[in-house]
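Following this line, the structures themselves.
You will see chain A twice below: alongside chain B first, and alongside chain C after that.
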Partner chain A sequence: MSYALRRILVTFPLLLAVSLLVFALADALPGDAADWRFAKQPEAKEAWRKARGLDDPFLVRWGRYVAGFATRLDLDRSYQDDEPVGPELFRKLAATFELALCAMVLGVLVGLLVGILSAVFPRSPLDYLGSVLALGGISVPIFWLGMVLIVVAVKVLGFPFSTNRYDPALQERVADFRTHLYLLESLVRFRLDVLASCARNLLLPSLALSTIPMAVVTRMTRSAMLEEMGKDYATTARAKGLPARRVILKHVLRNALIPIVTATGLQFGQLMGGAVLTETVFSWPGLGRYIVASGVEARDTPVIAGGILLVATTFILVNLLVDLLYVLIDPRTRRAP
Partner chain B sequence: MSRFLLPVPLLLLCLACGGGKKPPAEARPAVDIPKLLPQTPDDPEPKPGGIFIWGRSADATLLDPADVTDGESVMVVTNLFDTLVAFKRGSTEIEPSLAREWTTSYDKLTWTFTLREGVKFHDGSPVDATAVVFSFERQRDPAHPARRPTSAFSYYQNNFKALEKIEAVDEKTVRFTLKEPYAPFLPALALFNCSIVSPAAFASEGKDAEGRYAYNFAQKPVGSGPFVFERWEKDAHITLRANKEYWGGAPYIEKLMFKAVVDAQTRLKELESGSIHGMENPELRDLALIQKNPDLRLIGSPGINVCYLAMHTGKKPFNDARVRQAIAFAIDKKRIIATAYDNLAKPAVSMCPETMVGFSKTLIDRTRDPKRAKRLLAEAGYADGFRTTLWYPIVQRAYLGDPGTTATQIQQDLKEIGITVEIRNIDWSAILKATSAGEHEMCLMGWMADIFDPDNFLYVLLDKDNAVEGVANNLSFYKGERVHELLLGAQRSYDWRRRESLYQEAQEILHEEVPTVPLVTVPDFRVLRKDVRGYAIYPAGGEFFRLVSFAK
Partner chain C sequence: MSRARRAFFRNRTAIAGLVMLGLVVLAAVAAPLAPYDPETRTDAFRSPPDADHWLGTDQNGFDVFSRVVFGARSALLVALAAVGFALAVGVPLGLVAGWYGGWVDGVISRVVDVMLAFPSVLLAVAIAAAFGGGSVRTVILAVGIVIAPPFVRQVRAAVLQVRSLDYVAAARALGANDARLLFRTILPNCIAPILVLATLNTGIAILDAAGLSFLGLGPPETYPDWGVMLTKARVYIQHDEQWMLLPPGLAISLTVLGFNLLGDGLRDAFDPRRRS
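Let's turn to the complex of A and B:
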C-alpha cells in the first residue's frame, strides 16, 4: 500500500476518535443554555430534552451526531432556539480559513525569505535582524500588535481602516456568492470592487496574525538550512563546481523543506482555532470568537462541540495535506517500507 | 429586565487589551459633562441621501420587537416599528404615534386609542385595530400561533400584569381594559415590545405542523416604521432602507446600517477613518482624545441608570440593618468613581436615579465614616468583623464601568472595618441566574430604565413582589412591608403629587434600611462624525435615525 493511501485511510479513525473526544467533553460540561431557557419551567425542559433525544445513552447520541455530520454535514441544533448550528459555523469557518490562509501565505513567504538569507549569511547584520524580528513576532501579543497596526494605519498612513470582511455598502454585490470565501470567490468571479474591499479589510488582521507563522518559519528555515548546508552532499555539490545559488535553492532548500512544511501545517491548524484575539481586535466574524461568544459564554453545547469539531477536522485535513506534500518533496516516501 | 440592555458580553480577553488606566483619585473628569449637548446640530435644510453606518459592540440577536432583550437588537427594531405612543425626540415625554389620540375612563381602567388613518405596514397591509390586538395577544396568549417555542416575551410579562383584555372596537379604535390602575401604563406602551407588527407577514407562509405560523419574523421583521428591513448578515451588518411612504415623513438617509465592531478601541479607529459614522459606548478614558479630534463630535446626556451593591438581606449577617448601614458608611464612592469610572460618573444617593422623576431631593448621602461603621458593626455583634463574598459580572456595560475595580475598592473599604471580602467574577448569564436565585451574599449589579417611571426602579428592584427566588430582580431580597405598601400605592395612583410623596417616603425608609448601597449613575455618551446632523440621544433608550442626515 502506498504511503499516500495509508495516510488517507488513517485519517478516518482519527476523525472518529476526535469526534468522540469532543462530544464527550462537551457532554461533560455542567449546565447548558437550556437551563437558562427553561429557567422557570422544569416540565417544559423535560419535554424538550425528550424531544431532542438528550436522555438517550451517550453512545447512541454520539452515533447519531457522527452520522449526521458524516452524511449531511449536520452539526446538531442550538440549545437556545433549536435552529441548526451548522450553517453559521461553516460561515465562520470560511471567514477564519480566509484569514488564516492569508496570514499563512504572508508568514511563509516572508519567513522563508528571511530564513534562507539568515542561513546563507550567518552572523551578519541581516541574520541578527531576522532573529530579532522572529523573536519579536513570537513574543509580541497579537492584540497589542493589532492595535498598533490600526493606529499606525489610521493616524500615520491615513489608511481607510474598516473591520469585518468587506464594506457593507457592497452587500448587494456579494448577495449571489455561493461560498463564504469572499476574497477567493470575488477573485474567481473577477468582481474587482468586492475583491479590493475584501483585500483591504484582510490586510491588517492577516498582517497581525502572520507574525506567528512568520517567526516560526524563519527560525525553522534558518536552522534547517544551516544543518543541511553543513552536510557532505552540499560540500560535494559546491566542490564539483555548482554555483552557490543552485546548491542552496535546488539541493539544500529541498532537503530543509521537510521540517519547514511540517511546522507550517501545524501552524496553520493553530491559526484556525487560535485566531480569537485577532478576530476580536479586528471584529473578524471568525470561528474562534464565535465559539467563545455564542458557545462558551451562552453555554450552547452544540456550538462548542460543532466549532471544535470543525477546527479539529480542518487541523487533521491540513496535516494530511502536508503529509501528502512530503511525497512531492521527498521521493523516499513514495516507496513502501 | 433591563439588565440585558446594552452590549452583549464581550470577550474577557478583549477587556485585557485595555492598556494603562487608574488615574489618581484627585483627578478631574476629562470631559465637562454638563457642557455636552445631547444631540448633534440640526440641519435647517437636511440633504437627502447617503448610507449611514452605526457601529456597536455586538450584533443583534433577533429582530422580533416583542421578544428582544438586548440593546443591540432594540436599536434596530426601534427604527423598523411604530408603537401606539412614543417618546418625543430627545425627551421622556409621551407623544402620539400610531395612535392619533386616546381617552381614559374615570376610574382609569379603560383606555381607548384611536389609530391614525391610512398607515400601512412595509408589506402593504393596513395598520388597523386588528393588527394592534394581534401584536398584544401574541404576547399574552401562550397558544397564539404567532409565537415561537422559544418566545419569552419577558417585557410583556413584567410590564402588563395589570392588563385584563384588549379588543378592537372598530377598524380604527382599540380598547385596553386594566384589572387595577397602573400608573406607568402610557410610558409602558411606548416601549419597543409594544411595537405593532404585521399580521399579514406572519400569515404569509402558512402554518407548520404544530399550528404555528411558519414565517420567521425574528429574522425578517415587517413593521410600519421609518425604515424597512432589507438584509442581515450575522455578526457583520444589518441593512435597512428608508421607508419613503412613512406617515411621519420619510428619513433623509437612503440606507441605515448597523455594524458590529466588538472592541471599543477598534470601533473608535473605524470612526476616525470614516468607515462608520457614529458609535455607542466609547471607552471613558478615550473621551478627552475624542473631544480633541476635529473630525469627531462627542455628545452625552446624564443617563437614567444606577449601579449598586446588593446585600442578601435573607442571609446572616446582612439580615441586620446595622451591618448594612456599616457597609454603606464604609464605602468610598468618590474613589470608586475616580478609579472605575474615570471621574465621569455621579454618586447615586437613591436607587431611583437623580435623573428620574420621583427622586427624593431631600435625601442626603452618607458621608464616609469608617469609625461609625465599626461602631455599628460592634453593636450588631460583629466587633471582629466577618468573612463574606462579593460577586461581580464580567461584561461591558456603561453603568458598570470597570466592575473589577469597583469590587476591589469595596473590598479594600470593607477590610478597613474588619470585613474580609472574597471577590469573584462570574460571566453574565451565569451571574444573572445565580443572583436571581439568591445564591449570592453580596453582588454588584446595575439597572437602566425601560419605562420612564420611578416604579421601574423602586418596585422592580426593591419590592417584595420581585423577591421570588429564581426570577428575582430584587437582588437584596428585601421584603419590607411598609415599602411594599407605599410602592403598590404609588403604582395604582394617577395623582402625581400623591405618587411623589409615596416614593419619597419609600426612599427614606430604604435609605435607613440600606438593602442595597446605590453607588453611581453614569452618563450616556455617543460619538459621531462631525458632518452628521440631526442625531439625538433618547434618554428612555433605543436609537432613532429618521431625522439623521449628512451635511454636504
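Let's turn to the complex of A and C:
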C-alpha cells in the first residue's frame, strides 16, 4: 500500500479517538448551562433532558454526536437556547483560521529568511538577531506581547485598532461572500477595499501570534541549513564549480526544507489552539475566545465540545496535508519501506 | 559526565540562563523580605510607581513589586509540580512501552498520539475546565497532563535504543528482573535526554500556566501569580496604567528564557557532536 494512502487511512481512527476524548472532557465539566436555564423548575429540566436524549448512556450520546458531525457537520444544539451551535462555530473557525494563517505566513517568511542568513553568515549581527528571535519567540508570553504591542502601536504610534474583522461600513461589500474567510475571499474576488480593511484589522494580532512560528522556523532553518551545508554533496557541488548561491538555494535548502515543513505543519495546528490567548487580548472574534467565553464560562457543553473538535480536526487535517506534501518534497518517502 | 559538566560551564549562554534562574529562586526564597504583604490592601489604588510603592499598586491596592517577588514562588511551584507530574507519569509509561512493546506499547503510543493531536493550550483549557478550574491545583494538573506525552515518547525512544545493547543482556544474564533492568540498568542511560526535556518543559509549563491564569482558569484574583496579575492589566492599559503590565510579563519572560537557555546548554553539553 502506498505511503500516502496508508497515511490517509490512519487519520480516521485518530479523529474518532480525538472526538471521544473531547466528548468525555466536555461531559466531565461540573454543571452545565441547563442548571441555570431551569434554575427553579426541576421537572422542566427533566423533560428537557429526556427530549434531548441527555440521559442516554455516554457511548450512545457519543455515537450520535459523531454520526451527526460526520454526516451533516452537525455539532449539536446549545444548552442555553437549543439553537444549533455549528453555524456560529464555523464562522469563528474561519476567523481563527485566517488569523493563524497570516501569523504562519509572516512567521515562516521571516523565519526562513533570518534562518538561512544566520546559517550562511554565522556569528554576524544577523545571526545574533536570529538567536534573539528564536529565543524570544518561545520565552515571551504571547498574551503579554500582544498587550505590549497594543500599547506601542495604538497608544504611541496611533495605529487605528479595531476588534472587527472588517470595517462595518463595508457591510454591503461582503454581503455576497460565500464563506466567512473575508481576507481570502476578498483576495479571490479582488475586492481591494475589503481586503485592505481585513488586512489592517488582522495586522496586530497576527504580528503577535507570528512570533511563535517565527522562533521555531528560524531555529530549525538555521540548524538544518548548517547541517546540510556540512555534508559531502554540498562540498561536491561547490567543488565542481557551482556558485555558492546556487548550492545553498537549490541543493542545501531543498534538503533542509524537509524538517522545516514538518515543524511548520505542527506549528499551524498549535497556533489554531494557541490563538485563544491572542484572540482574548485583541478581542478577535475567533474560535478559541468563543470556546472560553461562551463555552467554558457559560458552561455550554456543546460549544466546548464542538469548538475543540473543530480545532483538533483542522489540526489533524493540516498535519495530514503536511505529510502528503512531504512526499512531494522528499522522493525517498514515495515508496513505503 | 565530567566532560559534559566542563562543556556546560564553558557555555556562556547556559551560565546566563543559570544566573537568571538564580535571581528567580532568590526572589522566591527571599520573598518575605518584600516591603509589603502581597495579599494585604494598602491605601493606594492603581497609583503609579513612587518611593513607597516601587512599581505602583494595582486595582486592589496591592503593591505590584511585592506581588512580582512573591509571584516567583507561584511560578516555580506550578512549573516544577507540573513537570514532576509529567515525569512521574511519562517516564514509567515510556519505559513500559519501549521495553515490553506489543499491545502495551500500542495502547500507550496511541493514547499519546491522540493527546498530541490537540493544540496544547486548548487541551489545557479543556482539562482545567473539566476539573472545575479556579485553583493552583487544577492548573498544575492540567499543565502536567498536557506536557506529559513528549516525556513518554522520549523515554520510549531511548529505551528502544538501548534495550538490545550488550550491557542490558549482561544484566539480564546476571539474573536481574524486569523492574531492576528498567530502573537500574536502562533508566540511568536515558537520563540526559529526559533532563533536557524536563528543563525545556519547565519553561513551557510556566507559559501554559500563565495562559490559563490569564484566561481566568487559574487561582483567584488576589493570589500573587504573574499570570493572574496580567488578567486585569489588560483592562488598565486602556487608561495608560502600564506599570501593571510590564513587571509580571518581564518576570515571566526572564524565567522562561532562563529555563530555555539552561535546557539548550544541557543539550549541547550532553551531545558530543554539538560541543564546539
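The rule is short, and it goes like this: the second predicted complex is superposed on the first by the 333 of 337 C-alpha atoms of A that agree within 3 Å, B and C clash if a C-alpha of one lies under 4 Å from a C-alpha of the other, contacts with A are read in each partner's own complex, and residues count from 1 in each chain.
Heads up, the rule we're going with is that contacts are C-beta pairs under 8 Å (C-beta built on N, C-alpha and C of every residue); 3 or more make two chains touch, one makes a residue touch a chain.
Predicted model, so just to flag it, every value in this text is computed and none were measured.
In the superposition on chain A, A:G115 makes contact with neither chain B nor chain C.
In the overlay built on the shared chain, the residue A:P213 is in contact with neither chain B nor chain C. Residue contacts after overlaying the shared chain place A:D82 against chain B, while chain C stays out of touching range. In the superposed model, A:R37 makes contact with chain B only, not with chain C.
In the superposed pair of complexes, A:I304 makes contact with chain C only, with no contact to chain B.
By the touch criterion defined above, A:I316 lies against chain C but remains apart from chain B after alignment on the C-alpha atoms of chain A.
In the superposition on chain A, no contact is made by A:P205 with either chain B or chain C.
Of the two partner chains, chain C is the only one that A:V148 touches; chain B does not reach it. When the shared chain is aligned, no partner comes close enough to touch A:G130: not chain B, not chain C. Chain A residues in contact with chain B (one complex) as well as with chain C (other complex) are 143-144, 147, 150-151, 155, 276-277, 280-281, 292, 297. Across the complex, chain B is touched by residues 35-37, 39-40, 80-82, 88, 91-92, 143-144, 147, 150-151, 154-155, 158-165, 167-169, 171, 175, 276-277, 280-283, 285, 289-290, 292-293, 297-299 of chain A.
The touching residues of chain B, counted against chain A in their complex, run 8-9, 11, 13-14, 16-17, 51, 53, 58, 148-150, 231, 233-237, 239, 257, 259-263, 265-267, 269-270, 272-275, 427-429, 433, 470-471.
Across the complex, chain C meets chain A through its residues 110, 113-115, 117-123, 125-127, 129-130, 132-133, 203, 207, 210-211, 214-217, 227, 230, 233-234, 237, 240, 242, 245-246, 248-249, 252-253, 256-257, 260-261.
Across the complex, chain C is touched by residues 14, 17-18, 21-22, 25-26, 28-30, 135-136, 138-145, 147-148, 150-151, 155, 269-274, 276-277, 280-281, 288, 291-292, 296-297, 304, 308, 311-312, 315-316, 319 of chain A.
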